[in-house]
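Order of writing sets the labels: A, B, C, D and E. Residues in every chain begin at 1.
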Amino acid sequence: MYNDKEASKIVDIIKNFARKHSLWIVAYGTGCGAIELPPTMTSRYDAERFGIRGSATPRQADVLLITGYLSVKTLKRVIRTYEQMQEPKYVIGFGSCTINGGMYWDSYNTIKALDRYLPVDVYINGCMPRPEAVISGFIKLQELIAQGKADGAKRYQENLEWYRENQRKVIKNWRMPEYNW
Amino acid sequence: MDKDFINENKTIEEIKNTFHSAEAKLQRKNRIIVKLRSDLIPPFLSYAKNYLSFDHLAHFSCVDWIEDNQFELVYILYSYEKNIIAIVKTRIDREKAEFVTVKHLWRQAETFEREFHEMYGINFTGNNRLTEFILEDWDDIPPMRRDFDTMQYSKENFYTRPGREDAQDVREVITKKSGEKIPDFAKEFSVRKLK
Amino acid sequence: MEINWSTILGIIFTPIIAFIVGVTYGGLTRVITARVQNRYGPPIFQNLLDIIKLYSKESNINHGVMQHLGPVFAITASVTTLFFVPVIKDSTVFTNFSFHGDLIFLLYIMVFGSLGMALGAGQTGNPNSAIGVSRGLSQLVGYEVPFVMALVAIMIQFQTTNLNDLLAVQDHFTKWIIFQSPFAFLAAILAFLGMMGYAPFDVVIAPAEIASGPPSEFGGKYLGLMLTSRSIFTFAKLVLFTDIFLGGASDFITLLIKTFILYMIPVLTGIVFPRYRTEQSIRFFWSWPLFFGIIAILVVVF
Amino acid sequence: MREKETTLYFGPQHPGITGNMMVKLKVAGDTIVKAETHVGYLHRAFEKLMERRTWMQSFPIVCRICVPEPDPNEENLARAVEEIEGREVPERAKYIRVMVLELSRLAAYFLWMGGQSGTAGLYTVPQWSVGDRDYILDLFEELTGGRIYHMYIWAGGVRRDLPEGFADKVLKTMDYIESRLPEYDKLMFDNAIFQKRAQGIGVIDKDKALEWGVVGPPLRGCGIKHDVRKDEPYEVYDKLDFVVPTYEGGDIWARAMVRRKEMEQSISIIRQVIEKMPGGEYYNKVPTPLNWFVPPGEAYVKTESARGEFGYYVVSDGSLKPRRVHVRGPAYVHGVSLLENILVGANISDVAMIMNSLGVCPPEIER
Amino acid sequence: MAINLKGIVSPYNALKQIGRKPHTVQYPFQKKEAAQRYRGFHYNDLEECIGCGTCATICQNEAIDMIFIDGFETTSGDSGLRPRVDNGRCCWCALCVDSCPTGSLSLTKDYLHVSDDPDTFLLVPGLDNPEGKENLSWISNGNSLLDYQRIPMPELEGKERVKSFAEVVLGYSEDQARAEAARCVGCGICTDNCPVHMHIPEYINAIARGDDEMAVKIIYDNNPLGETCGKVCTRRCEEICAVSKRGEPIAIRWLKRYATEKAKNKDILKEIVNPTILPPNGHSVGIIGAGPGGLTVGYYLALRGFDVTIYEAKDHAGGMIMYGIPKYRLPIDSIDKQIEYMKSIGVKILFNTKVGKDISFNELKQKHEAIYIGIGFEVPYKLGIKGEDAEGSIQAINFLRAINSEKHVEIGDKVVVVGGGNVAIDAARVSRRLGAEVTILYRRRVEDMPADWEEIEGAEEEGVIIHPQAIPLEIITDENNKVKAIKYANAEMIPDPKGGRPRPKIIEGDEHIIEVTSVIAAIGQEADYSFLPQEVLESIEIKRGRIVVNEYQQTKLPWLFAGGDIANRRADAISAIADGYRAVKGIEMLLLNKEIKNGGRLN
């Protein structure tokens, strides 16, 4: 007979296997990196081979792609989008801009280090990352999921105060659009 | 030579005849520059649209001449018929930045005016849509004004990833080795001050 | 009451088989679509992985009790539909609850799923969902009319409302209703296109317009349930059409071949056509399919 | 009976939106009664940043202004600087520039084709066209070293000469694309349902086009024959043989057909360029960029991009850095005021299609 | 209802694509090679790199930091820094590659870096990715943004030159100077090699920006003979110019010349430089010799409020720059302007006052609290061959001095100059201007000549014949003890087994004779210390003809400072100025009771 621990371990493996091979991207092109997503998702590079596909709403999605720079205005919506997503959820940062500001390091309207505002699981280097790099990023994410290390959502919950503080620092007015569903 | 610019010169002539104080000159083929007093701009634009067939507002720009304490408004008009671009320029006071709207002549002017209201703080009377356009909850001086320092703002408001503090300045390293002392008046000429 | 073991076996196995076949067909669709699109596409069992993943989501946000009930309604409707369709001709196990008048019952129960969905989606408050629901119901009205007409024509022609009777009629392939009543088939198959929700009749989900419509607030297990329901429902509909028009199947291989061929009609059409607007879609159903439906009835009556 | 109005937020997170912007729609049933565009989600303050960068440093940054088609931006800035400076550009560089511009136009049209039919729900076309666009990106990668951002055209010419055997590769790709076009015709342009979706939707008539300052394919789609390449030929367009297709109707369909015909023209232009390209220098060197002072002056230059006329107003005050670079992309007009106007009365199913057909590209609206 | 049958049927055509093989690149199982030019991560050839930091300057993203890495030290011509790229900033525009002066920086085809740790995106090219060398894609070869061609200096034609003593170099026009200054990348590596450590990047940049007066001001900040240096400096700075790694160095000297010539006379110069002169502090300093070093000490001490007197044996200040350098290189007006300017700020110069003859050293000692000796090398070496004392055999240094004093020297029409230094070339070119045919005999090869290559070229253009690998053996005289011919032997170069430079060895029997009217020997000079009292000579240390000094030019007698040729081995004006500049610091510390750091340790 299996004991509970072993059983849950097996369940975990199955869960992680399914999660790893079914990554739905929320369709939100937040920056210029979104331009390399069509080639990645379409026939030339065909990310659907890995079970990666777009999903129209954050509720159904697993992965949030931050495709490059985030203006303060977008950041507000991105946080909203991220919080609408259901756990486990992952964030992939595209390109230089998410790491240390990139091209727009001295712009008054873009944030520089994404991980202050959202937990990032994988960074992909490049400006823009080409489709191969994007796919590599997903493969890396799959590895992390299989190892159980893609715990961005957990980090976000545990350090919510810290993230909120940083978010409030750049988003001056914390009001959200009036919709609430 | 003048033969090439027959259309342009004719238009310049017409402008000069109608608006005596206008400084109109040929810039190059297909381009004429018209400089006007700011109060003449609305009649001129409406004249240009209705009588000179400049029916397309190709561009509307604003330049901050902070030295002169002025904003330069640049209307770039295009005539499909004559295939000429007229660059119409005027200057307005920077402190009390106000001008009249031209959105009744060209509908797209509204967008430009909204932008300049936000980016330069110019108030266009007659445009009732001068609301938040690109920015959201902006509380500093209008960012495209030249006295707004985006680098400074970025440093104060955004977090930059640490780990690069060990960067050296080449000139400093060399002077440290050689013992050279750069006098203060020369320091601003170090090329390193590009940024 | 006497316990009918074969029926119980049927109840247990039919949904499982339906789910597996439905999910595989879904995966196969994606592969075929991919090949038309010059790419390889996901593995065939991709839809299964998707559904497992959705069930394993840790947080499941809902906006009230109807959001729970919506998917449950949907899956109930799917499974019920399945139960009343004889999957394998003359099989004691897979004949299920087929009874007299089941065609009419099926007409009702097939709509029930959509209504349940509509209720669930309505609760979420997302305007996209609401628009999606209203589109769905409009289109439902659109394709139900020719479908009902086709069924009515067949019912009149063969004087029965029982699927098993219809199956009995089609004992040779020349006697398949597709050949006996071609206009009814035409009307029904065009309605079937709408029923399956592939392009050009995917107005309900229309991602570029209303962000996937009704299920836009459904994530995690709700979406998982809905996808499960959809897989089962797809299979049920295919079996129903096979039973009505293609003479059913007396073994699984025949069943799979027939359903697959039937299934490919909406899938391949979906690959090469864009989406209708809602009113265009309804107008379409009320033109040619309705026309065929009327002709079918007229042919039968006169 | 008046239907209840609902507010619908079309974007910024929405699969149907092009880029990252938002249209706030008031809908009654399926019909839009009021539309309000909200932009600024992609505002990076290029024009401010360029005030802090030297002329040379501005070149890598301008191409980011328009993501799907960066080259007209580089071309514009380069031409503006050249005009202010009076710098000559070698003949070969001009031909190479035209080739790059036309290739990028083709790439942009392929992307548009995907967007246009993708928003219509025909998902096979984007899969094909974005895949085929990749072959053009391969060419760019080989020529410029970058797939999306080329940073290739700059003041004085182009950065590098054509690599060996590049012309043959271009011709081969052109042949391939030409052989693919009929397939797109069959699937998309001949498609009855696509025609139904596109015809009579999003109509702009001639007067409206002039009133609202419409440019590019939408302008040609309402029958006005205006193309910067013809009216004010830059580079070597006056030496090339091509026609400007126009369509009457002013609807999505007319705009689509204009673009479809222009694809053929672009292929033909690229072939002519390859055939006529002279040898020689490709770059008239500017001074060392650290000490490159552009004399005081101003220039307004425009380029015909895939979405329409791209205008740059550049002012130099004689220093190392531009005084002002003001960018007016075609979407600046199309994407804000015109879109708001044209969406009123439209069906919500058509919002994405209209946006696509107007070539709305948020990054160039807010820069 | 019309049916668009074509519109319904033709889309199904697409279904035939099912049979076609997908064109998908099955990454990662199937990789598509990046294009030959693909701009991926950086690679830096660490050995080639000189750490000039141009990449960091040009980078609009401030993505490049210059950092110290192990194994590289700050040396002459190398800052010891190497670039580190922040891939969280980089946009791979390759401006850094295209503006790298050495061409050490390139991009590679590698583009893949995926990580969950945002701190792993700092890359020291070359150190972190040595394998990148095999994978270079975007290299700057031949496509550089920098100008590697120097703006040619307008000069008189060779034929024109020999007709007079007019200045050969015409000087840059304003446009030329701007263009030449614009070539500079402003790294400042050159300043390390300049003995004075002038603020080279700053004044070049000032010229590039059109602010010539500021350039002059910057130059005079630590070089009071800026104009002289602008004309005749040995410009060690240009040797290590970053641009010189792949092209011609920036014409630093000519730019200095251009800027300083902007000040037409001493008043304008004073107005431009506008130095701060401190009030007199009551200390008095004596300087022996108004050469470059002495003038430097005088100028800066005067600025600092010292009472300065310069004792000059001749009737003109300037020392070797006045008497050793021919006027076609350094016109007398130029020297006068600078001397006048110095006088105007309070430097006193006593002419025709030879210490030891007109005034005794001890007297000087009593008058001043500190003394700086900058007498230079005035006594020429002898050739040491037979017939050297004959009439018509002259010493180059004496010859030049005479010519510069506008005295007539009879050299005839056929002259042989022996030696390969600047003095030899000067003598040869002066002789050409006097109408003689000139041959230079030099022991080693042309490339071994210590003279400036520009000077050698100039001489050749003027028709001077250079005969390398020729060792004079004997001066043949006629019966009146007048030079008639010179006998020399050809030599072959023998590699030095110790690794030094090759040495000439006479080829036995390969002897030749040229008929000449004069022989000018220019093989070096030494100093004359006879004016120093015995006790002073005993207290200070003289090694190989040079006075030993510490880093502040202080001799073993604390009040006695020395500089110029008599204290350094470089024997050029800029080194003398540098010595003077150091001595100023030493004297200041000594007299103003500041401690001399390092305890006056001797070098």
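As a working rule, a residue touches a chain if its C-beta (ideal position, glycine included) is under 8 Å from a C-beta of that chain, and two chains touch if they have at least 3 such contacts.
Model, not experiment: these values are computed from the prediction.
> Touching subunit B and subunit D alike: which chains?
Joint contacts, listed by label: A, E.
> According to the touch definition, list the chains common to the neighbour sets of subunit A and subunit D.
In this structure, the chains that contact subunit D and also subunit A are B, C, E.
> Grab the C-alpha centre of each chain and report whichever is closest to the global C-alpha centre.
D
> Looking at C-alpha means, what's the farthest chain from subunit A?
E
> Taking each chain's centre as the mean of its C-alpha atoms, give the chain farthest from subunit D.
Result for the farthest chain: E.
> With centres defined as the mean C-alpha position, give me the subunit C-subunit D separation in Å.
44
> So what's the Cα centroid distance for subunit B and subunit E, whole Å?
46
> State, to the nearest whole Å, the distance from the C-alpha centre of subunit B to the C-alpha centre of subunit C.
Centres of subunit B and subunit C (C-alpha means) sit 61 Å apart.
> Provide the C-alpha centroid distance between subunit A and subunit E, rounded to the nearest whole angstrom.
Here subunit A and subunit E have centroids separated by 58 Å.
> Listing for subunit B: what residues touch at least two other chains?
Residue numbers touching two or more other chains: 135-136, 143, 148, 150-151, 161, 191, 194-195.
> Of all the residues in subunit E, which ones touch at least 2 other chains?
If we look for residues of subunit E contacting two or more partner chains, we find 11, 14, 22-24, 26, 57, 60, 62, 86, 88, 91-92, 118, 184-186, 205, 209.
> Would you please write down the residue numbers of subunit C that are in contact with two or more other chains?
34, 36-40, 128, 207, 211-212, 271-273
> Between which chains does touch occur?
A-B, A-C, A-D, A-E, B-D, B-E, C-D, C-E, D-E
> So in the complex, the part of subunit A that touches subunit E is made up of which residues?
Checking each residue of subunit A against subunit E gives 43-46, 49, 93, 96, 98-103, 105-106, 113, 115, 120-127, 129-133, 135-137, 139-140, 144, 149.
> In the complex formed with subunit E, which residues of subunit B make contact?
Residues 161, 163-164, 166-171, 173-175, 177-180, 182-183, 185-187, 189-192, 194-195 of subunit B touch subunit E in their complex.
> So in the complex, the part of subunit D that touches subunit A is made up of which residues?
7, 9, 12-15, 19-20, 40-45, 48-49, 52, 60-61, 64, 67-68, 111, 114, 126-128, 130-131, 133-134, 137, 147-149, 363
> Which of the residues in subunit A end up touching subunit B in this complex?
72-73, 76, 99-101, 105-113, 116, 166, 169-173
> Name, in rising order, each residue of subunit E that touches subunit A in their complex.
Answer in residue numbers: 22-28, 31-32, 60-63, 86-92, 111-118, 121.
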